[in-house]
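Two complexes come next, and they have one chain in common, chain A, joined by chain B in the first and chain C in the second.
And now, the complex of A and B:
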């Protein structure tokens, strides 16, 4: 098990990582997710040993590794830029950690390449610089695995690959995590990656974890407005809530029509109602539990769904609905119309500030 | 992708390759090419022509040409008479030692400048560049004034009562001191640039994968800076082969290099054909050295490395 206790990194007066606590079980796929500049890469570099924390402790299976050098640390980092050794072949790259750790090279290269789904006969003796982005990513992964780490750290290694390849490699990484029973710690700003792969999510903002847990829990029950917005394309309405408790609250708002009872896990008084784009529809008549009157500004057809962008002059807010193409076709809606962006109570999520 | 682009541009230019040379981007190379033709190729042809003449005027009639100058040089070298063999050996030794000493001094400095020093980096770089703004002659004369009898060094050691010590001037190592100093930047900057182009994450990845300091140097730093070392060595070795001022001033007529000997033939002894023949010889040695050094690296790889990132 890896634990980080009150881990902190300061650069002068700037606090990059602000007393973060992590607890990651062996074999778990943990993802640290957050927007750019939230301190997630700094955090990962401290776990890898490339950066010394200002204070705090990192503990691996009962051993304090806070100040252990990267060479001595049983972690291996897959870099965002992959950092393959450009003057070496694929084989030499993968043999590198085997040799530095004083082990015999004995067929591991072929084995590892097959594990990351590269044909050794085709790729093993290519120069590292000859590979495509996806292949480099796989070789970087194989090289890190060749180090035989307890924990594999991944710093957005898929960020610069095309969308289709990203999706495929996300699946493969998740499979590999199970297959090897190795702890993976993945850092990303992409929510989708986090949801697809991880067992456990740490949402980081401004240097601190603001919510921790299984991804589906965080998706369903975000702790606050920031996470709710970050977890997906969502409309946010300021609300007034009464009778909070017992799993429900009665909400009203100046931003939308009607009031009603909404399920909530909160005991505190919620301040915002969040509803995801694809849980909203836009129709001339208000038929659902809640609805905001909008002026339709834009209609974007995105394959099998349609994005309808609207605004309300009184509240000066912009809203979006993502509607199935077939549903959209059944509604007579054009840019310039006034209609209701509406949703049902069970789709609404209540969050504090 | 690269090959695709190559194939595409080949196809569009194959209809008339000569005409393509008069269009951009090749057109932009035209002024420089013409200049090089007049300033480099022309004089080279003249030197070769002069080396087979009998006197200080050029005759284009092959019947008047002679290989006597080459015979004199080569037979002198083979027979052990004459100074040509000695001068050539001397020149090569000076160049080789200069290459080695500039490398030893430059590498750590280049490493520190490229990868470690953050503050005062500009100051250090200026310190290395500013001497290049002054003439080689002035700098080498400065050295002579320092080392010569009754010079600066003399008066300094004199303060400590040392008066009787072997002369520092007119030795082979005095010339090497001069060439080492003068050609240092030509070693330092290629190494500096090659070290600068290595990604920080390359070192981090090596450390992450268990490389200790020695492995890091042998397997990562040295191979990745090798292009800089080789280009720097080529510069310094070839420039040292042509070292003239250093030999004339610091060698003072008692130690000759090929370049100073050629200078002597053209100037003092007014034997232009003999000087030209020696110049052709120096050119051949330089060419051979250049080919040997460049064979150890792949220039195309270096050229492509910049665009690859």
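And now, the complex of A and C:
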């Protein structure tokens, strides 16, 4: 198990990582997710040993590794730029950590390349610079695995790849995590990546974890407005709440029609109602629990879903719904129409600021 | 939006005048060297273009002269160690400056590069005074030390250019994958900046080979090729001078051509 206790990094007066606590079980796929500049890469670099924390402790299986150098640490980092050795072949890159750790090179290169789904006969003796982005990423992964780390750290290694490849590699990484029973710690700003791969999520903002848990829990029950917005494209409306307690609250808003009772997972008095784009529909009449009359400004067909953007002059608020293409076809909506963007109470999430 | 079209003729004229300009500048610089080479083959005491007669006599004389031979030996005995040591110091400095963060990094660069910006004649004078103060004396060793002060920063500058182009993550990756310092430098950092180190070394040798001011102050009674030429020029010219001067020019030329070929082969290998 890896634990970080009150881990802190200051640069002068700037606090990049603000007393973060992490607890990651062996074999777990943990993702640290947050917007740019939230301190996630700094945090990862401290876990890898490339950066000394200002204070706090990192502990791996009962051993304090806070100040252990990267070469002594049983962690391996897959860099965002992959950082392959450009003057070496694929084989030499993968053999590098095997040799530094004093082990015999004995067929591991072929084995590892197959593990990351590259054909050793085709790629092993290529120069590292000859590879495509996706192949470099796979080789970087194989090289890190060749170090035989207890913990594999990944710093957005998929960020510069195209979307289709990203999706495929996300799945492969998740499979690899199970297959190897190795702890993976992945850092990303992409929520999608976090949801697909992780067992556990740490949402980081302003250098501190603001929510921790399984991704589906955070997705369904975000702690505050920031997380709710970050976890998925969502409409956010200001509400006033009464009779808060017992898991429900009565809400009213100037930004949508009807008042009603909504489930809430928090004891705090909610200030916002969050409803995800894909939990909304747009129809001429209001027939769901809540809704707002909108002027349809824009219709974007995204393939199997359609994004409908609307606005309301009185509330001065934008409204967005993402509906299935078939549903959209059934409604017969055009830009310039007036219709109700609406949702059911059980789809709404109440959060404080 | 419309783009302004340049007519092919104007474009050709532009390119043509640019090439002509470059050729003229090159000629301007090469002409003195060229005349030196021509003079070195001239059979006569004082050079004249009329009744030019070709001879290898002056080269023969140069190679057979004891004083020239010893000057040549001294030049090699200074240039070779200066090349090796300044390449090591300059490479170390370049790695420190480009690959690591340390306090007063900017000031370090300024201080390290300072000797380059001093007029050599003043630098040599200062060194000469200092050499007697610290008891270093005059001779081959002081000349080596003096040239190191001037040449090492230049090597550092040349190597830095290559070192700056290397992804800093590569070094971290090596550490991350268990490399100790020896492995890090011998297997990763040095191979990656090899081209810069070779260029820096060639630079160092050419500068040491051609240096006059520093050796003239510090080499004492030992004469080098450049001080020998200067001595001949001031105390009685002989036609051997152009031949000797041409000889040191050939060595420099050989190295420059070598450097170009090396660069070309590296490029071919990378493609």
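FYI, the second predicted complex is superposed on the first by the 352 of 353 C-alpha atoms of A that agree within 3 Å, B and C clash if a C-alpha of one lies under 4 Å from a C-alpha of the other, contacts with A are read in each partner's own complex, and residues count from 1 in each chain.
Assume a contact is a pair of C-beta atoms (placed from the backbone, for glycine too) under 8 Å apart; a residue touches a chain by one contact, two chains touch by 3 or more.
The structure presented is a predicted model; accordingly, all values stated were derived computationally and were not measured.
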With everything superposed onto chain A, say whether chain B and chain C fit together or clash. clash
Touched partner set for A:171, first chain B, second chain C, both or neither: neither
Would you sort A:85 into first (chain B), second (chain C), both or neither based on which partner it touches? both
Which partner does A:76 contact after superposing on A: first (chain B), second (chain C), both, neither? both
If we overlay the two complexes on their shared chain A, which of chain B and chain C does A:287 touch? Say first, second, both or neither. neither
Applying the touch criterion given at the start, work out whether A:101 contacts chain B, chain C, both or neither, answering first, second, both or neither. both
Chain B and chain C footprints on chain A meet at residues 48-50, 69-71, 75-77, 79, 81, 83-87, 96-97, 100-101, 129, 143-144, 146-147
Spell out the residues on chain A that touch chain C in their complex, using ranges where they run on. 48-50, 69-71, 75-77, 79-81, 83-87, 96-97, 100-101, 129, 143-144, 146-147
So in the complex, the part of chain C that touches chain A is made up of which residues? 167, 169-170, 172-180, 183, 187-188, 191-192, 270
Could you pull out which chain B residues touch chain A in their complex? 199, 201-202, 204-212, 215, 219-220, 223-224, 305, 308
Inside the complex, what are the residues of chain A that reach chain B? 48-50, 69-71, 75-77, 79, 81, 83-87, 96-97, 100-101, 129, 143-144, 146-147
